[in-house]
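Given below, in the form of structure tokens, are the structures.
Each of the next two complexes has chain A plus one other chain: chain B in the first, chain C in the second.
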Partner chain A sequence: MTTARDGSPRRRHTGNLSSDRLGALARAALAVAGPDAVLWAPRQAAQRWAWEPITSPDDLDPRTWRRMVNTRISPKGILLPQTQEVFSWQGRTPKIALDVPPPPQPAVILGLRPCDAVAFDRLDEALLVGEWPDVAYARARSRAVLVTFACESMSPECMCEAAGLSPTTPSGDLLVLPAGESLLLEALTAKGEAVLAELEGREPMPEAGSLVDARREELAGAAGHHAPGLAAGQDWTRLPPADPETVLAMFGMPGWEELARPCLSCGLCAFVCPTCHCFALTDEPRGDTGRRVRTWDSCGLTDFMRAAGGHDPRPAKAQRMRQRFLHKLVYHRAAHGSLMCTGCGRCAAGCPAGLHIATAAKMLLAAAEQVAQDALSGCAAPGRPQEDPQ
Partner chain B sequence: MSCRDSLPVSSADPLVPTLAVIEQVIAETDSGLIRTFVIGEESPFPYRPGQCAMLSAIGAGESMIAMASTPSRGGGLEFTVKAVGGNTHALHQLGPGDQVGLRGPYGNGFPLERLAGRDIAFVGGGIGMSGLRSLVNYCLDDRERYGRLTVYSGARSPGELCYRTELTEVWPAAPRTEVMVTVDQGQPGWSGNVGLLPDYVAANLEPSPDQVAVVCGPPVMIRYATEALLRLGLRPEDIILTLELKMQCGIGRCGRCNIGDKYVCRDGPVFTVAELGRLPEEL
Partner chain C sequence: MPDAGQPVGYPAEVLRDLQQLVRDCARSLLEQGEVGMVIGHRAAAPYGRGVPAFVTEPGEAGQLMVGPQCQVGIGKYLLDQTRATRGRVAVIGRGCDILAARRLIADNRVAPDQVLLLWVPCAGRAVPEAMAKGGAVARHCLQCDVRLPEPGQDGIEIIGAHLAGALASASLVGEGCLEATAPRIAPAGPGADNAGDAGYERWSGWFEHCLRCYACRATCPACNCDICVLESRSPQWVERSTALPQQFMFHFIRAMDVAGRCVNCGECERACPAGIPLMDLQQLVAADITELFGVERPHVPGEHEPLGIFDARDPDPERPARTSGGGALS
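Let's turn to the complex of A and B:
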């Protein structure tokens, strides 16, 4: 017995499927997700890979995905749409009536990369843990089935290893390791189990336990050979647990201004990020009706914190950039124990100003090291008053 | 970690308000820019002093507002609202019988257990008195439980003071309760103090060994009042602040009020100065 990712005790459950039977896997996942489920998979259009709803699963060819490092835009929006109605209203006071939208159709997300699958775990932490869970996200997430495909190739933009992950990190409900003409499957959650059981009822399929282990090792080794990017050699999991003194030292680093200078405050980094989840609520009245919508937002955008009356605690772009990087690499970890960056690399690849999270991570690692050294030598961190021994 | 198997998928979306009805509107100030709205005949939810709720003129947005009423008395919820932005201006257009969107209660509220037996100085600047009013009345309704109460209230001018009946008649008549009022600028007929609230507190508060202070107001007032209280010898853990910050979801999800690993709407809005000292200074 072992323990699944969702905590359920289980027997290891694997399968070896011919790669031309991907359609059958998709159908099994759709059956588990529910009768009105929508299948999403990467499709190449105009030189870019994009997530699209797929109506004919049998046309999917996983061999074409070998050319894809990842989709241009993350699959986040499938479960956390860029624009989502919270409620609508009709009539004017005192005769207003509210109406809530129907729950979303369940989604099967097939072919997502480990960095993007792990990103949903980070969103679960940010949006579901605690007293007031984000019910709209919970509804979409609880019904979704995630079928992850391990990476056979990487690009210099890939940074999963710096984020403590790998091209084969067990993530999602079911992990698929492509191996030549085979798809080696391993169930990771109760939902993944259900998909494998459903598939076995349709297709005779041998177990693949030792093949899975061997292929995982192969792919992990191959991943190290990609052209190194800025994050090469970095290990962000070495950032220390966020004790207040270290956090304040990182916050007070002089380098933020310099780092932020080229930033255009365009928000692209947040919108392509699979874990960024800040949102805005906006009323859209039209005559006597209207709706309140929830839309993606970013802590890096101008006026994000500006209150009615004008008070804005972060008027400078360096302050906003600092917030975004510290939230990803430090604050989320303090609250949930994990980095809120999975190293997908989209922010760095897409930034029109050439900004890179690895540059910020390097500064943070250096600041943390300085605090540790100061502690050893008995000095207070710069800018912090020494504790009164009384 | 994964929490997908225990999702509250059947529960209602906390971002969807319920509709509540305005029972009464009270003009607080001469300018008319500050009004108190009494919502419903009873509160739709239990709450503690210092907690907030989202109040919405449907179609004009939502604002996080502290409850100005106390749960120790029955009746509807009271919110004192200054017309500053789109939603608060739209709220000011509404009167008795009109509907508003309401959701809450949000935030931690004041640490009532830690206030028991203590001498409390309430320091409220302008509209910041609203959350403190809930606490003052809560304490007065269980008067034996608390020590000496001193209310320091400040406003820009005499005409901008909120809760004038309570400040001049009700609270001064309560046992072991003192009210100290100051305005930034006097006007003919004003015989009270003229001067900034933090200076007024610094000149008049003689902290007892059991002293705590509870402060609310605009960010700059909070900063100077905190400095004054520290100089008077109050310990950082005995200075309790309730913060004003832009908030949208109220439930610690939208990211707007995130400071360090805290969300002011959910983990606050009440923090001690000691707690804030462990967070990045971004208020």
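Let's turn to the complex of A and C:
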């Protein structure tokens, strides 16, 4: 017995599926997700890989995914849409009728990379933990089935190792390790178990425990997923815990101004990011009817923090950028214990000004190190008032 | 297929000489106090791509680079940096960077005596995705007519004029380029069917992928307003939801706001994470300006800019007497 990712005790459940039977896996996942479930998978369109609803699962060919490192835009929008209606209204005071949109169809997300699958765990921490879970996201998330595909190749943009992950990090409900003409499967949650059981009912297949272990080791060993400027093993999880003194030192680093100089204050980094989840709420009135929508927002955009009355606590782009990087690398970790960056590299690849989160991370590591050193040398410094004057 | 790391278009020795000239020039400008800052490019990860460099010390001039990896347009930084820097600010850039700077000057956003423009010949910018494979020239670079410096312009100096000849004959299109520059959904440019239902179909197909991240607006040198009608939250002129009507509003407002002021730098298209061929919109407008007003190069700022001036004799494409006005989205 072992413990699954969702905490349920279970026996290890693996399988070995021929790669031309991916359609059967998709159908099994759809059966588990529910009768009206929608299948999402990466598809190459206009030379870019994008997440698209798939109506014919049997046409999916996992061999084509070997050419894909990852999709250009993250899959977060499948469960956290860019535009989402909160409610609509009709009529005028005192006779206003409110209407809440129906829950979304359950989603099967097939072909996630580990960085993106882990990103949903981060979104869970941000949106579901605590007294006020995000209702819309909770509904979409609880019904979704996530099938992760380990990476067989990488791009210069990849840096999952910097974020403490690897090309085979167990993530999602079911992990798939492609190995030649085989897909080696391992259930990671109760939902993953159900998918595997459903699949076995359709396609008898052998257990593959030792093959899974061997292939995982093989793929995880593929070097080079660390961030530029960082050596292997020197990942951002080494950033120290966020004690007030260290956070203040990071906050007050003189380098923010220079780092932010190229920033153009667009929202690209946040919008392609698989873990950014800030949103705006706006009303869209149309005469006597209308709706309230929430839309993706970004702390990098001008006016993001502007309050009623006009005050903006972060008017300068260096302040906005500091917020973004500290939230990714320090604040979320202080609250939930994990980095808010999964190293997918989309922000760095897409930034029109060529800014890189690794540059910020390096500065933060240096600032934290300085605090640690000062603390040490401060203790030993001569002339320091003695605690005990005797 | 060029070797990995072998820049398309630039002969290696030309690139080396050009780079040296740029570094020497920046160093001497800073040493002599001619300028307080030089904006250029420096190499950064991934790909060793050229990102903006803001050099204020002569000793830092050695980091400057030129070449196809320098994707980021740098002209627009004058807007911030002339306000933040003591002394003049120099831009060492390609034709598109120079036009971007001239745009800011023509729009009265930057004073001409605050800047020094140094024009470096260019053999095209690489496509980011293709850089790991050895580079491919961006689509809009193939139509560029300011690759080689034009002498005799006020306030503009030329670096490496003697090397321009070597770059003039360099082929922009290597074998590796074809894939990356192929049309993406429909044929690009004014010749594509952009009118009526077909035009609506075509552009709907693109706009539904728009993330409204404002990268196109943020990178555009003609989008130089301090408060942007598209980004304003209060009042909210364009709704934030990404339904198609709002997407059309967003892109058409932008296209029309920069109409006649677009410098053809291709920054909007380069920045777009959804890969929307935004330059096609600008080229439709430019083609109309050429046809209606006889302006040969509507993307060159500071010359005749017919859309910025009211003239009772302006042609009216709606009037049946005139037969011009093709290309427009209807």
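In this text, the second predicted complex is superposed on the first by the 366 of 390 C-alpha atoms of A that agree within 3 Å, B and C clash if a C-alpha of one lies under 4 Å from a C-alpha of the other, contacts with A are read in each partner's own complex, and residues count from 1 in each chain.
As a working rule, contacts are C-beta pairs under 8 Å (C-beta built on N, C-alpha and C of every residue); 3 or more make two chains touch, one makes a residue touch a chain.
From a predicted model like this one, the values you see are computed outputs, not experimental measurements.
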Clash-or-fit label for the pair chain B, chain C on chain A: fit
Which superposed partner A:R306 touches (first chain B, second chain C, both, neither): both
Touching partner for A:W89 - first (chain B), second (chain C), both, neither: first
In the superposition, chain B vs chain C on chain A residues touched: B
Superposed arrangement, angle subtended at the Cα centre of chain A by chain B and chain C, nearest 10 degrees: 90
Chain B versus chain C as contact partner of A:R21, first or second or both or neither: neither
Which superposed partner A:L98 touches (first chain B, second chain C, both, neither): first
Partner chain(s) touched by A:R122 [first = chain B, second = chain C, both, neither]: neither
Touched partner set for A:T295, first chain B, second chain C, both or neither: second
Chain B versus chain C as contact partner of A:A280, first or second or both or neither: both
Touching partner for A:K328 - first (chain B), second (chain C), both, neither: neither
Closest approach of chain C to chain B (Cα atoms, Å): 8
Interface residues of chain A shared between complexes with chain B and chain C: 280, 282, 306
Chain C partner contacts - residues on chain A that touch it in the complex: 46-48, 50, 72-73, 82-83, 155-157, 228-229, 258, 261-262, 264-268, 270-272, 280, 282, 284, 293, 295-296, 298, 301-303, 306, 345, 348-350, 352-356, 358
Chain A-touching residues of chain B, taken from the complex the two chains share: 1-5, 7-9, 11-17, 19, 21, 58-63, 84-88, 94, 97-101, 218-219, 244-246, 248-258, 260-261, 266, 278-280, 282-283
Chain C to chain A touching residues, read off their complex: 44-47, 49-52, 54, 71-72, 76-77, 80, 128, 132, 179-180, 182, 184-185, 209, 211-215, 217-219, 231-234, 236, 239-243, 267, 270-271, 273-275
Residues of chain A that touch chain B when the two form their complex: 5-8, 86-87, 89, 93-94, 96, 98, 100, 121, 124-136, 138-139, 141-143, 189-190, 242, 244, 247-248, 251, 277-283, 285, 290, 292, 294, 297, 299, 304-309, 311, 313-314, 319, 323, 326-327, 331-332, 334-337
